[in-house]
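Chains: A, B and C, in written order; residue numbering restarts at 1 for each.
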Amino acid sequence: MAQRVAYVGRRAGHLLAVLLLLSVGTFLMLELLPGNLTDSLLGDNARPQDIALLEAQLGLDKPLPQRFGAWVWNALQGDLGRSPLSGEAVTEAIAHRLPVSVQLMLFAQILALAMALPLGIWAGYREGGLVDRLVSSASFGVLAVPHFVLGLLLILVLAIWLRWFPATGYVPFSDNPFESIRSMTLPSLTLALVEAPVYLRLLRSDLATTLREEFVTVARAKGLPDWQILLRHALRPSMFSLITVMGINIGHLIGGAVIIETVFALPGVGRLLIEAITRRDYLTLQGVVLFIGATFVVVNLVVDALYSVLDPRLSARHG
Amino acid sequence: MGLPLVWLAVVFVCAFGADVMPFPPPSDMDFAAAEQGPSLAHPLGADLDGRDVLSRLAHGARISLTVSLIAPLIGLVIGTVLGLLSAYYSGLVRTGILAVVDAMLAFPSLVFALALTVVLGPSVQNVTLALGIMSVPAFARIARANALPLMSREFVLAARTAGAGDAYIMFREILPNMVMSLLTYALTMMSIMIVAEGSLSFLGVGVPPPTPSWGSMIAEGRESLERVPHVSMIPAAAMFLTVLSLNLLGDSLRQFKSGKSGGLS
Amino acid sequence: MTRESQPGLRSDRSMAAPDAGHGEVLLSVQNLGVRFPTPRGDLQALDDVSIDLRRSRTLAIVGESGSGKSVLSRSILRLLPSKALVSPTARIVFDGIDLLAQSQAQMQKVRGRRIAMVFQDPMTALNPVRTIGSQLVEGLRLHLNMPSAAAYQRGLELLQQVGINSPERRLSQYPHELSGGMRQRVVIAMAIACQPELLIADEPTTALDVTVQAEILELLQRLQREHDMTMILITHDLGVAAGFADEIAVMYAGQLVERAVTQDVFKTPRMPYAAALLRSIPRLHDAPHAELFTIGGRPPTTYGDAPAGCRYAARCERRVARCDAETPPIAEGPPGHAFRCWRPLEWQ
């Protein structure tokens, strides 16, 4: 147990360093690159004294380390500032958009796993068989389709031609659960179709390798039926690559589902990010970047903890 | 194996020969023919403003190919150097590089490229640069993963004993052994780049108009998807076929490489 | 708690008189041939092997790597990879049932329950991500329908039987936390859990330290006596076979080449290969620094149909023209002693 805690502790330290780097990096990048907040607010022809006044108001005239320090201090207390463009507190803006992104991400992962798990297990079990070959070719094809194209295709077929689902728009879960799921289906399905082939391939190849291990032969020699061997013995050691990639995807999806959110007009964190960038709302941008980074760190830690649960050798080895 | 190469060759020829081919100029608007499907005058139809789809497709291919050739190159060069350095040296160099790479990987890559493009100003060069930088962490990781096992091999030790300098060992001894693996990944990266550029253009932050790009063509056809799907779907099909061909090529390259070094079966 | 009161365990045999069931053939392998398709042609792993084994006896199958001994043991339990081709005339009769004709579902009832196997490498034979306990009780719950609590209790007893101390602690540990010898004891415990009639031990000591090897062999012997099991021991070490087995079968290049009671194989080997194997065992009374006897050359690997002639001929000191021309059949010489040779060794 102590070993596990130490392992997770070390990983946490590394990831926190990453988080810090991310924040500093963003801060610096926004400082050094062209494009100014004041330009956005006041326009190109602003008078110098107006610019100076605004800068003083926003605290932009103080030296860089001091500004960064103040921002970090506030952030630790949960205050990410208030966007000078929209007047909205950054934390509130994120909080409004977060449920959309989370719902999208969860739904997409569930759909992706629902597709990838059974097919991956079967393809790995009967390596080289018909299902395996069909599924491999299909995955290859699907992976070649850019996700925005996929989204448009799904809209074309399922929303426009068949009218089974709405093309765009978002209904919050709290308002109407059924409609909410319905409005989320196409975007989640698009994401799931993008991720499932990767999960499937990873699971299949890991499972096929595991099935060649001696302890699987031993399990057969004990008279265990195939399904029990697959699910109880072979599945767990084969999940590592899958979980790693899933973790990366979940971490990225919170802010990274920009394309999907744009195609399906979903007010998620990704859209918030894009707007902040294009409108030069650097304060919001800084806050959202920190949030995404923090999410990534947390997800990574959870995945690492999962590793040590799945494979008891790990905590011993790294201890 | 012939088909992907044929398709890629067609794309290549169209892209770089677009100006000399008998296409109407891509910005020529022929309102009479607007939104029509394939016809004699417009073999792949016309878009919402009457511009010839085939011509725009060919010009757009130029963007896609340029980006997908140059951006991975940027990533390959910078990433390989970083990866090699982080494998060869330990201590601050290694920790520093790894931390930066991890920080970049923590961020959704498309958003990163998008931010860079917006901040730098949309143009072909900036898009290429942004995408190139976006691919650096992946290449760095792969270069490092390939270099690490090579570090403990005897020829490295031999070179060091013979008095070779660090740079020599890294670039003349270790690097040549990694080339195949890196190039294979570069091929994969090419197809990722095509999609990435398409995504950026689709979002409206890629190559600015009037230069056609497959991504912006798809975006333009979005509102009228119901009426005239071909405006979006034809460039989409082109993108799909190109990505598929690159992936198939990369796959057979991988099989060839592993068959070679895999020994007898 | 006596054995009779536990559900599903047979107690009748331990109560029976020691000679009852002796003489009865438990396992009869008939004309077993196994081939593996490869790009270079079908690899012949076993060629027309026939062996009978009586109840409560121990048979040692001895041979070099590649002689087919492992393929033979796995064939009995039908654990060969799916692309293996078994000759259509082959039969493996276990207590009246032809195992080769059983369906997978029927085989699953035999495996672990009536025939069990102990594998060579305990590190890879145990699932690294599951506890010892869960792997131990798996068979009990499956074959004997034991409820969890009873199964764990039985698991503790099994661990004690195989000589593992503090068994309660071991049940919740993982394989990597145990030493090699202990892991092998666990594998043995798993094998005898449902009291099988036949136990196949495939090189059970090869992956272990020398000091532990003797312990494991003693353990197997004791368990065999206590549970009155019939045993097949696969080994490349004649010395191990000597101390352990009632009968020895020698395999070479996929064929059975000699078969007799242990004493006869050691005192009066007929087939030159068996004799050579015996000579290559270093003995204590050999002169110091004497050269170790080895058999020159290597066993042949056959792709496609085997050429005529004895497979050992190329390395044999007693070779004559007939050995290259015709394949010697396996035939009985003195009663109970079979061998495959045109020019066997003679004894008075």
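Basically, a residue touches a chain if its C-beta (ideal position, glycine included) is under 8 Å from a C-beta of that chain, and two chains touch if they have at least 3 such contacts.
Given the structure is predicted, the values throughout are model-derived calculations rather than measurements.
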item	value
If a chain touches chain A and chain C alike, it appears here	none
Most centrally placed chain, judged by C-alpha centres	A
Best-connected chain pair, where connection means C-beta pairs in contact	A-B
Where chain A and chain C are represented by their mean Cα positions, the distance between them in whole Å	53
Between chain C and chain B, distance of the C-alpha-averaged centres to the nearest whole Å	58
Inter-centroid spacing, chain B versus chain A (mean Cα positions, whole Å)	22
Interface hub residues of chain B, defined as touching at least two other chains	none
Touching residues on chain B, where the partner in the complex is chain A	99-100, 102-103, 106-111, 114-115, 118-121, 191, 194-195, 198-199, 202-203, 205, 215, 218, 222, 225-226, 229, 232-233, 236, 239-240, 243-244, 247-248, 251
Chain C residues within the chain A interface of the complex	77, 79, 104-105, 107-113, 116-117, 119, 121, 124-130, 138-139, 142-143, 174, 176-177, 187, 190
Residues on chain A engaged by chain C in the complex (per definition of touch)	213-215, 217-226, 228, 232-233, 236-237, 310-313, 316
Complex contact set, residues of chain A against chain B	14, 17-19, 21-22, 25, 29, 33-35, 140-141, 143-149, 152-153, 155-156, 160, 251-253, 255-256, 258-259, 262-263, 270, 273-274, 277-278, 285, 289, 292-293, 296-297
